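In order of appearance the chains are A, B, C, D and E, and numbering begins at 1 in each one.
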Amino acid sequence: MESFSFWFFGGCTLIGSLLVALCPKLVHSAFSLVLALIGVAGLYWGLGADFLGGVQLLVYVGGITILFIYGIMLTPKGATKWSLGSLLFPGVIAVVPLCVMLHLAWKGLESVIKPVDAGVPQPTVDAIGRGFLNREEYLIPFELASLVLLAALVGSVYLARRKKES
Amino acid sequence: MDFFDDATPAWYALAILLLPAAGFCWNAFTYRTEFTRKRGHIVPLLTIGTALFCALTIFKHAVIDGDVGDTPHAASATHDAPAHDSGGADAPPAAGSLADPRWSWSSKAHGVVYRIIDTGALRIDAGITIDHLTATMLLVVTLVAFLVHLYSVSYMHGDKRFSRFFAFLQLFSFSMLGLILTDNLLLLFCFWELVGVCSYFLIGFWFEQDEPPKASMKAFMTNRFGDVGFLIGILLVYRMFGTTDLAEIYAGLQAVAEGRAALPPLFGWEAGTLLTVAGLCLFTGPMAKSAQVPLHIWLPDAMAGPTPVSALIHAATMVAAGVYMVGRIYFFFTPTALAFIAGIGTVTALVAATIGLVHNNIKKVLAYSTCSQLGYMMLSLGVGGYSAGLFHLYTHAFFKACLFLGAGSVIHAVHTEDMREMGGLKSKLPVTYRTMLIATMALGGVPFFSGAFSKEMIVEHALMWGWSHGLAHMLPAIVAIGGGGLTFFYMMRLIYLTFYGAPRDQHKFEHAHESPPAMTIPLMVLAFLSFFSVGWPMPFLGGHKLPELLAAPPALASIALGHGADHGHGGFALAFGVLVLSCLVIVFGYRLYKQTYKDRNPGPEVWVARLRPLHTTVSNLYYFDEFYRATIVRFSYATARVLALFDSKVIDAIVNGVGTVGQLIAAGFAAFDRIVVDGLVNLNGTVCHALGSRLRRLQTGNLQDYLAFAVGGMAFVTLLFLFLA
Amino acid sequence: MNLQDYLHDLSRIWPEILLSVTALLALVCDLLQRGKDPRVTGWVTAIGVLFTLGWICRDVGLADGSLVFGMIVHDRFAMFFKLLICAGTLVVTLLSLFFRGFQRDGIGEYYSILAIAAVGAMFMVSTNNLLLLFLALETLSISSYALAGFLKRDARSSEAALKYLVFGVLASGAMLYGFSLLYGYAGSLDLREIAAAIRTHLHVGEHGLSPAGIGCGIAVVLCLAGFGYKVAAFPFHFWSPDVYEGAPTPVTTFLAVVSKIASVGMILRFFGGIPHDGEGAAPLAAVIAALAACSMTFGNLGALMQQNAKRLLAYSSIAHSGYLLAGVAALVAPSAAAGLAHGATAGEAHGAATGLAHLAVGGITGGQAVAFYAAAYLLMNLGAFGVVIYLSNRFGTESIDGFAGLGWKAPVACGTLVLFLLSLTGIPPTVGFVGKWYLLQPIWSKGMHWLAVVLVLNSVISLFYYFRLARSLFLVDASKALASPRKHAFGTELTVVAVTLAVGVVWFGIKFEWLSDLVLSLRV
Amino acid sequence: MQPLAGYVFLGTAMFVLGVFTMVTRKNAIYVLMGAELILNAAALNFVAFARYMGNRLDGQMFAIFIIILAAAEAAVALGIVLQIHHHFPSIDVSKPDRLGD
Amino acid sequence: MISTIDSSHLLSWITLSPLLGVLAILFTPREKHDVIKTLAAAFTGIPLILAGWLYFKFDQSQAGYQFFEDMSWVDAFNIRYTVGVDGLSSPLVVLTCLLMFFAVFSSWNIEKGVKGYFMLLLLLAVGINGVFVSLDFFLFYVYWELMLLPMYFLIGIWGGPRREYAAIKFFLYTLAGSVLMLVALIAMYLKSGDVPSERTFSLIALAQKGQAGLFDHGSTLFGMELRSWLFLFLFIGFAIKVPVFPFHTWLPDAHVEAPTAISVVLAGILLKLGGYGLMRVNMTILPGALWENGGPTGWATALALLGMINCVYGAFVAMAQTDFKKLVAYSSVAHMGFVLLGLAAMNPNGIAGANLQLINHGTSSAMLFLLVGVIYDRAHHREIGKFGGLASHMPMYASLAFLGIFTSLGLPGLAGFWGEALSLIGCYEVFPKITAVSTIGLIVTAAFFLMTIRKVFFGPKLPQYAGFPDLSLREWACLVPFGLFCIVLGVAPFLLTDWIRPSVEALASLFGKS
């Protein structure tokens, strides 16, 4: 079951990501992103992060994607020119070394990390909730996150606001 | 009380030295006052007159009275012979101690010392040395200087820089007297250069004209060449003996000669080479100052200065300073060095005399004559005729000064220096004519005139030297003898062209008139001195001739190298032979003159035509000037220009470029691009800017380029990491 | 949960709390007056920041190195950097208040976001937890994105914001990925353990690096991308000239000064645990040194031909990142003496190098030097930007050619600018020189001699463009000045700010003992 | 238990594709989507490592905060994109090039 | 090493009193030119008087530092405010005070930016004197750099047509040198002790440690040992100031473009800093780099060779110049070559000669620049070829010019001679061939100076210069003291050599041992 869910959601993620990168049409890419994000959520569940999977679905699929679709509406039709030739050079430049780097990084990590099978993961909601409010744990990040969101909110509102004065 | 028992002579000497300096200062600082501008000659005349008096006093006590009871300086404690007994010239030194047997008095022994510098290693205690040579030189210089001062009062009358002329004369007198009085080689060098500067300013006195500034610069530069050699010589001497004090150098060399010390090894040379090289380096100074070939070129040009200057500086005193200096450090010269000196003197005597034959400028003929006579002196010193050379200096000073002043008088009368525009002036300028004739006789070496004595001594020594050294070494003697004829010929030619025959420029002839007494009196005094010679045994010299008192020091360098003093006095027979020979030569010279100029059978033009190539060469002064111009001068200018270009284009650029790290990076960055090297500093086209602008191309403004760069950057850093790890 | 502990912990983060409250107050204030007069909001913020600054000054001595809230270190290092951040924010607030472009309604939010950014910056330098570190960094970043685009009417401001944002997202994404790998390597989010893991893995053995070492190094390289972006170091600096030029000048100041100093503090926190008993991470030090050298050279060369003063200062700040990173390299490098000691008297060196003695033995450390330089950088760069604001306010120009002859029209402000430039070049008697001198010591004593030479030669190159400014200001006759003064340009206020900073620059250039003692008490 | 390598491979792939998208696609929305892929790659790594190091919570917490920040970032990003769209009537990220040498 | 400790803070007063002048001028209204100039004169006059006091109180029999002051500055790094003078520095301090005073006077005709000008001039005085009196390397460096900024602006604002170029060139060159010095400074500091409390910047302590061989056995970097690196870095720092070929090209530009008074200061004092630094730092702290195993090392030979190049090359390049000021500038290059020769000799004669040359060049080149300034003020050009017959129009000017020129070409009896002669004598003992070649410089120097005299002063009167007035009283008063110095130091060089002898001997005693 675990194996199946990994392969299924992993496949969703991989295909979604590929399509995001390669789809010529923006709308298609956006929906591919949704697919990939759902895949990631599935992988989270497979990794025992049930709460996280939920958050991923809610925030990403439900929130961020909406934002993007809003953005897509700004785009004039046919504005996304795209051809393989124009992508090849920067793509190769960017991707190949990165692949090598990440491969090496993983090879190194593989030799170090000792997988510990701590059994089937337990539901995490409770622990996460406590963690957020525990002085010794994630209280400060939690509070700071609120500030970030406030700043982001205020900032985006300011930026998106049409000028009243003009 | 004996004059030389205490410090009194030092005060006299200081008076001699400093009075002219004070006169210079007076004239220099008051030159704006009415008094100095109009009567600028009074103070100088007073000072130089007083100096003359003091010099006479010293001369009287040192030479005439022989008040020399005081023990000499330095290592001469063993020596107690009275000065007069130093006797025959060039006597071989006593065996054993090589202390200088000659009498000398040093002010240091009496506490009159001026410590001019002391670095802990080099210490210069300036003192005053008086010996017979000094006393004689003092007298010559002060006397000629006084007469020239007097002469100039009239000659320079009305010149707008009248007072300044006297100021420089004073400064010159100061320097020249200092040169004579000092007992330190480095200080001698100082005064040496100072007289050069005075000469420079006096040659260039009429600087508005075209010629004098050039001539003055030429004089100074030529001398500078010699001086640098001199300086290197001093450096070598200091390196060898650790001192520049003449007495200490003497003592040092004495120790070497007596085998008590050894010279420091330098350059791996042995002592002989070292001493010879040092001696020759030192000699380059006199070579330039005394106008020896090939550094003689400045002297004829120096005639561009006022004539009294020519008389004082370029005939009587300064140019003779070289000879004096060689005499002063005579003990230092090795036989090789002396032979070189003799050679140079010979060449100079000959070359200058031949040029004198053809020149038409009255002063230049005299200048070449001076040159030639200085050659004689050097020749004499070189062949071991120490006293002969210095005595010739003494006699020459008077008759040559007389000739120059006479020439000045002529020029004053006819306002030209070209003898082709003169002629027949005998009647118009009787005093000048007569005095000049006497001086000519003296210069020509006509017996019983002063010049004859010194010249014959020279010839005698040259013959002796040639005899003892082999046939090839007879050349100096031959030149010395033959030169006498040439000298007499060209001098008679001068007299003829100036005073005899018909006036060739009627206008000038008519306006000519005899000079005022201020000019003629010095002429007469000098003429008297040209005739009256202390070459005779003089009663007031205790029955000695003056040259006998100018005894040579022990030839320390020769002794140190194992040579003895190898020639002695020639004896009466030789002297008589020489006298006869000289007379014959003079007669020959006179015949030649008479035939060519008086009888015009054949006239000079014919000779010129016959000897065309030779005449061309000689009248072009043997192309010395051209040679120097084509080599040294051109080379210097070319070097200067090339280096200046190099400096501005290359050094600047390289330093600017390399100085920034930019250059290094640029090599990699812009291998295919023009490498601009004018550096960081220039606003455009610097390496850094080239680099900078190349960097700017990265800063495209396109966001995605930046992103790609950043990703590439990560790869780059990774590579860097893998490489460095 | 013990309330006492809770209050204790809270009391340790009062500056952050005060600043957060300031941000909220500013927001409320802006809302209350419906965005009419942003200057009131600005002054409220300024007072809040000032208050915080005072609090930090009061608390510097209390820092005891304790851990509060499980992930915040309350030590002198944090307090020092908070001090710098707060002081920087205060000056930026003042500059914003006097900035001509901000003298219109509806930008009250600016101050609030500025304060939040400062809060993020403070957490950045005080945490030892990767999570909080990232969060704080993003707080600063996200706020900064918004700030950069605050001049909405100006297309260049928007462009700057976009470039800053996109570049930032990529760089911090890479960094985040690096974090995840490091989390894998260290098995912990604790910076000390991560540093220990880096030290262990990056130990160069006889056969070079192990695969784990290479992988770990690559993870660190990914992190460096993010750090490099934050401090604008080569090759992650490309955003900075454009953003500095486009962003409103006070924001540029904030980015160049506060954000950079906070990032440097963060980097010190991150790598500060690596050196231990004379050991370090040689390959990492080499990489950082190379980046430092490249940064200073690229920054300086790039600056040579700039026409815009802000852009010039941007390149200059790239170069200064290089200087700072050079200090970091010295911090990370294994000590040369330790290498020797391993051969000879390992025991002795070991004994001497532990504990408090590390100060006595090694002299000033790379971290301390960087901290000092950061302080110097704060003073001089704030000053330089302040005068640029002054000039653009008063004469309406930011181009160097436009500055021609203005030195004679505003001698005091321009004179202080020359002083700041002198300090940036590193010429005594200014604090910039002392900073360079501090930096050179550990660099040299760690055996990175070439870097020391590159650094000083770079300061020579930098002289050239800094003094292009001076040349333009003073070497051109006043009669040839193109710009004419404008009214209502806050000339006096800005001059006061500049002069104050200039006094600081000279004062700490001569009497730097106090600052020096403070820095030497930092445990990095 | 599924091997860790699989998750890391997925993370790597998402990261690389995200970078690829950001670097090559001109549309600002694409660029932001690429950014989301990158963030998700990191988050997936965190969660996977946490799971394989013994069901730890810190990795998940990190992932949660990544999501929060992604949201905040996206909000600001869209604000900025709106601005860009206003000034340069396009959301092509290569259009704004007024700044640059 | 320390002879007298001073409680009157004489050196501090000499150094820092111009700062009071800066403050005073700062608060003087811009338009009050006369007040500003008077203030400047006063605040350069005070140090001058104090320097006179220094001269009389200085014990010439002591080699150690006198008027020593020592105060703590930054304890953490053992940085101290330590000042003191010995025979090497005290003459230069006096020279500085003197020249600064006259620089103020010769700047009296400045009309543009008077306030700034005099403030910068006073600041410059602080920097220069500070370098000479500092006995703490850190302090030394601070003062060293303090000079740069005033100089930059003084050349850059008040200079000639290419002033900007010249100013930045000066600044860049000097900074490039001094940053390398900074590296060496730090390296020495770090090497001077194992723990911070033992480390020191004190030049005295560093000298003791260096002479004891502390820096002799350092690690090898890029194939060169630490000592050589230190020597090289310090040498470049000082060589640029001297300036030594090939770092000299800033000098003609800076000299030519600078206003007269600044040229005077530049040539008269700034160049001396290089020579002084070589003595005080390179030779004192790193004697082993110059003299090892009983003979001179390659560095010493290099020093002598560079000196030779300076002498000959500088003179030749000067010969090709057509700009009077540039000619004088290049002649400075040639003259400073003798300083290098003297220092390379490392014996009492050489070092004394170098010191004499520093002082003498300080007076003679200052005088020459003043002279060029005089004629430039009248003719507004400096082309040698365009002048002529000035000796007729301006006899007093010409006389003083001759004095200056002949001093400069090393005429015996004037100041210039002794420095050159002693340097040559000293160097000849160690490097005879190099010295012999260097004497070419003497000839060429004479040649170009005489050529200048001929072209500028001699020759027929030219109508365009007919109306030129002779020296004004102010010009006269500026020039005559220098002329007097040239003469006095020429006939009485013992005034200087006695003064410096103990210190020179102390320095020379570091070398020559086998």
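Couple of notes before you dig in:
Everything that follows uses one rule, which is that contacts are C-beta pairs under 8 Å (C-beta built on N, C-alpha and C of every residue); 3 or more make two chains touch, one makes a residue touch a chain.
Owing to the predicted nature of the structure, the values given are computational and were not obtained by experimental measurement.
Shared contact partners of chain C and chain E comprise B. The minimum number of touch steps separating chain B from chain C is 1. Look at the CA centroids: the one farthest from the centroid of chain E belongs to A.
Closest to the protein's overall CA centre, chain by chain, comes E. Looking at contact counts per chain pair, the maximum sits at A-D. Placing every chain at the mean of its C-alpha atoms, the farthest one from chain C is found to be B. Averaged C-alpha coordinates put the centre of chain A at 30 Å from the centre of chain C. Each chain gets one centre point, the mean of its Cα atoms, and the points for chain A and chain E are 69 Å apart.
A straight line joining the Cα centres of chain A and chain B is 100 Å long.
For the pair chain C and chain D, the distance between C-alpha centroids works out to 26 Å.
In chain C, the positions touching at least two other chains are 131, 135, 138, 142, 145-146, 149, 152, 161-163, 166, 170, 174, 177, 181, 184, 187, 213-214, 218, 221-222, 241-242, 302, 305, 457, 460, 464. In chain E, the positions touching at least two other chains are 168, 172, 176. Across the assembly, chain D contributes residues 15, 18-19, 22-24, 26, 28, 32, 43, 49, 53, 61, 65, 69, 72-73, 76, 79-81, 83, 93, 96-101 that each touch 2 or more other chains.
Pairs of chains meeting the touch criterion are A-B, A-C, A-D, B-C, B-D, B-E, C-D, C-E.
Across the interface of their complex, chain C is touched by residues 11, 15, 18-19, 22, 28, 31-32, 35, 38-39, 41-43, 45-46, 49, 53, 58-59, 61-62, 65-66, 69, 72-73, 76-77, 79-81, 83-84, 86-88, 93, 96-101 of chain D. The residues of chain C lying in touch with chain E in their complex are 359-361, 363-364, 408, 411, 418, 422, 425-429, 433, 436-437, 440-441, 444-445, 449, 452-453, 456-457, 459-460, 463-464, 467, 470-471, 474-475, 512-513, 516-517, 520. Against chain A, in their complex, chain D makes its touches with residues 1-2, 4-8, 10, 12-21, 23-30, 32-34, 36-37, 40, 43-44, 47-55, 57, 60-61, 63-65, 67-76, 78-83, 85, 90-92. Of all residues in chain A, those touching chain D in their complex are 2-3, 6, 10, 13-14, 17-18, 20-21, 26, 29-30, 33, 36-37, 40, 43-44, 46-49, 51-52, 55-56, 59-60, 63-64, 67-68, 70-72, 74-76, 79-82, 86-87, 90-91, 94-95, 98-99, 102-103, 106, 109-110, 113, 115-119, 121-122, 124, 127-128, 131, 138, 141, 145, 148-149, 151-153, 155-160.
The touching residues of chain E, when paired with chain C in their complex, are 73-77, 113, 116, 141-142, 145-146, 148-149, 152-153, 156-157, 163-164, 167-168, 171-172, 175-176, 179-180, 182-183, 186-187, 189-190, 194-197, 199, 221, 229.
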